[in-house]
Amino acid sequence: MSQPTALDLPPVDPLPPATEAYFAKCVEKLGFVPNVLRAHAFDIAKLDAFAALYNDLMLGASGLTRLEREMIAVVVSAENRCFYCLVAHGAAVRTLAGDPALGEALAMNYRVAPLDPRTRAMLDFAVLMTGASATVEDPDRARLRDHGFTDRDIWDIAAVAGFFNMSNRMASAVAMRPNPEYHAQGR
Amino acid sequence: MSQPTALDLPPVDPLPPATEAYFAKCVEKLGFVPNVLRAHAFDIAKLDAFAALYNDLMLGASGLTRLEREMIAVVVSAENRCFYCLVAHGAAVRTLAGDPALGEALAMNYRVAPLDPRTRAMLDFAVLMTGASATVEDPDRARLRDHGFTDRDIWDIAAVAGFFNMSNRMASAVAMRPNPEYHAQGR
Amino acid sequence: MSQPTALDLPPVDPLPPATEAYFAKCVEKLGFVPNVLRAHAFDIAKLDAFAALYNDLMLGASGLTRLEREMIAVVVSAENRCFYCLVAHGAAVRTLAGDPALGEALAMNYRVAPLDPRTRAMLDFAVLMTGASATVEDPDRARLRDHGFTDRDIWDIAAVAGFFNMSNRMASAVAMRPNPEYHAQGR
Amino acid sequence: MSQPTALDLPPVDPLPPATEAYFAKCVEKLGFVPNVLRAHAFDIAKLDAFAALYNDLMLGASGLTRLEREMIAVVVSAENRCFYCLVAHGAAVRTLAGDPALGEALAMNYRVAPLDPRTRAMLDFAVLMTGASATVEDPDRARLRDHGFTDRDIWDIAAVAGFFNMSNRMASAVAMRPNPEYHAQGR
Amino acid sequence: MSQPTALDLPPVDPLPPATEAYFAKCVEKLGFVPNVLRAHAFDIAKLDAFAALYNDLMLGASGLTRLEREMIAVVVSAENRCFYCLVAHGAAVRTLAGDPALGEALAMNYRVAPLDPRTRAMLDFAVLMTGASATVEDPDRARLRDHGFTDRDIWDIAAVAGFFNMSNRMASAVAMRPNPEYHAQGR
Amino acid sequence: MSQPTALDLPPVDPLPPATEAYFAKCVEKLGFVPNVLRAHAFDIAKLDAFAALYNDLMLGASGLTRLEREMIAVVVSAENRCFYCLVAHGAAVRTLAGDPALGEALAMNYRVAPLDPRTRAMLDFAVLMTGASATVEDPDRARLRDHGFTDRDIWDIAAVAGFFNMSNRMASAVAMRPNPEYHAQGR
């Protein structure tokens, strides 16, 4: 199997049993181990910290649906032009929404996507945070509340948008390569 | 005590004993509980995931010294103009380096700081990742290797720079307020 | 059939026989009439002028292959985040190259695509022209000549890149909608 | 006569009679053959396609006056800092408006020109399309309609602004040189 | 004493008596001669012209308080990331306001500082002038008048903001070094 | 006579004799009083401080010729799109150089002007200072020295470029109107 990044950081060998089990579960559910996990496997503490944060944000309890969280992931990754995350999370949006064109629109220019005003406001906030976070002020948060988001929802929007601003940069910095299986998903 | 952010998300009450102990250790070592931890305390799973990642990156084993990691934190936060992180990590640089002027220079314009070429290359990479991550390519990583950084070091530089691109945006998105005690530290 | 843009500009009715024949040929070859042609059909002189320029540039004799011209179309459209052109010409790249991942990479961040240096130089020139045309100078043209491009090739690269800077803006200005058939092509 | 661009692409020799006649008409009306036409004359199909589109847009029937179309040409060219187009179309604005200061203001900073609100809205739309076309949305088109522009007018504004985003880039990419006669016109 | 800039431009020697007296007064009041004055001392005409303009703007009669003028100096210098001016005028804000946190906030991201709306409007105008002066129009001036600023106040805001756009660039162009005494002032 | 700016700041009345004499000399040499001087005449101390700095920089002894200083004025004003300064100093370049096309090129895109490498390096430095002063470092100054500029020349380049970054912003902030006589000068 090819290296998941441009860095020469081979995985711990053998992997600890818990990691083996986690990767086996990925294969079972997705058909492969996402390269972002393989990339972290040179240091199990790092892999576990990354996976714990990711799973809490993207799969944990939240007022945001899983699709909403994936939509944020895609528009943030589009702003940052992160190939890895656009491929992986574009596939997730296509699959969860059952709508290939929506996944494409969010990856290319979310402003053209047919979105309800609440979703649009959520994505506008994520894009503002991505490109000009120092300018976020009370009226920006108030706009989210006007669309029915709670303060807990605002935290979650900010946390997901923040997370992909981290992982987009990490992926680009180490030239992380998306698993080829993503391209055909949800088309 | 004032709210740590603009969101109304009170801490779990009472805090679980492990969190109580963690916060007590902060008070013992720093004199206060950093507001970034108080802000997460509305959901202990989130607090734990954030703290685990932070502690691994900033305090765990690495080829980068603690000061080097704090320098990355400050220059990334300066690019993003994040008040919370500049105040908190500017204090860390001043204290760890024993050099108030260095902390100021990194927070204002790292190009004027008197840095050895290796440190400058490390910070240039962090700044490039912050402002134009999609343009990072092999020659950028090669430049770090030319200065003696290993692939593991490159991962760590990227991970710290990535982390602060997340936390800068999170802090600005929720208007996180730095503890006032930071201002006088290391002057 | 839905309107091809946000403007209320219905096609000439009936279409002149030459236009009928042209559209019929589109249906025969592509399965549909591209919306960019339907959008111009309110004024046949405009449709003919647009089609003549497009066909000369993209299908006429040139030192650039059809795939090379489509690659320029996609990277320029990615810089401008033009949904219509990314969808239509991304499909062309996937089909002509027989490589879905290449089409995705060019649409998301061409710097990560596995390109030979000559192709990369061609796309770098197109991107420079798109984002900072006023800074193009002799060394930029010399770089293309160093990669074996003739002066006629340079004209063609510039003309294709220029054309998509026009049509990207036109498409976004009138909210041109891509035909849904493009999404599944070449996957 | 000096070469019209930095590329070595001599005109077809002899020119076909129709091109000879076209160029003779330019000399009769303007006193010279614009270099943009001389530059295309290495390939008559390209010259004809370019001229047909240009003439339709700038001289054909439209709800926009010729001066309005030239004003769009100048403000778009100013955004792109295209020397050739600013010189040639600045001269056209000075001459058509009979107002040298207006031509200068549009070429330097159209916001300081004394414009009626309708003209200003038209130019704002052209500038928005030039610098951030992906952000154009329904409210931007609605603003033009509020100033009395029809959907056909909006198409024409967009088409002229789009055209100069093409020709500005083309001119800069090949270092097209304006005919010296333009400088003194309309002063 | 170290050189005040990266240029080798030693002061006139001996200094004329009036300059000696001026520098002696600086030492008496501040404890040192600011490096910006030492840097100009290679040419007394330049020193006098600079000092005359500075003293008129920052210390002369005005509807703006000294603190307000220093606040403008700091936010403009923050936009331009000028180390010299941020250090020198950050110290002035801390001292005049008796509020170290305010000085820090203005130097890092003035949007997070707890400012009354009038002061905020003043600083927004200074920041707009700094980053996009060509876009300043009547409504921007009207906004200042709405907050009670007179036309003379507007002149003074513009003049101070303009001045620091000059001196920030001058300081960075010659690598002017702030006197180390500033760092500890007003903490 | 119309007001020189958008602010209602009438000149001191009567003007002091020295100012009367200065303005009379302007009329004698230029045919009019430049509006930048009329604009300052509401406060003679401000007028004198501005004029002293201007005259020292633009007319005083320097290793730079008057034309070189006016060329810097124009390219800086072009970066900032300052109508007043482009009109006034564009006229000066046309007149001093006896070359209308040069004045136009510098005002529109100095990269296309036929400049010797030394002059180009000087203008590149001025443009760098204007757009990204915080990034100026030793290699930028070394490049000027390589072209034969002394440290005193570098100071003068920086001072002129800095000055116009002030006066461009001041002129735009108060909507300063150029005297109409400039438009026809040196054509």
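Assorted remarks:
The chains carry the letters A, B, C, D, E and F, assigned in the order they are written, with residues numbered from 1 in each.
Rule of thumb we're sticking to: a residue touches a chain if its C-beta (ideal position, glycine included) is under 8 Å from a C-beta of that chain, and two chains touch if they have at least 3 such contacts.
Treat the numbers as computed from the prediction; the structure is a model and nothing was measured.
Where touching is counted per the definition, the chains common to chain B and chain D are A, C, E, F.
For the touching copies chain D and chain F, the fraction of interface residue numbers used by both exceeds half; the interface is of the same-residue type.
Placing every chain at the mean of its C-alpha atoms, the farthest one from chain C is found to be E. The interface in B-C, A-B or A-D that matches E-F, meaning over half of the contact pairs are the same by residue number, belongs to A-B. With every chain reduced to the mean of its CA atoms, the largest distance from chain B is reached by D.
Chain D and chain E have Cα centroids lying 44 Å from one another. With centres set at the average Cα position, the gap from chain C to chain D is 22 Å.
As a whole-number value, the distance joining the C-alpha centres of chain B and chain E reads 30 Å.
The residues of chain F that reach two or more other chains are 81-82, 109, 134, 137, 172, 175, listed in rising order. Contact between chains, as defined at the top, is found for A-B, A-C, A-D, A-E, B-C, B-E, B-F, C-D, C-F, D-E, D-F, E-F.
Against chain E, in their complex, chain A makes its touches with residues 134-135, 137. Only residues 109, 111 of chain B touch chain F when the two sit together in their complex.
Residues 78, 81-83, 86-87, 100-101, 104-105, 107-109, 112, 172, 175, 180, 183-184, 187 of chain C touch chain A in their complex. Against chain A, the residues of chain B that register as touching in their complex are 6-9, 42, 45-46, 48-50, 52-53, 56, 60, 80-82, 125, 129-130, 133-134, 136-138, 141, 151-152, 154-155, 157-159, 161-163, 165-170, 172-175.
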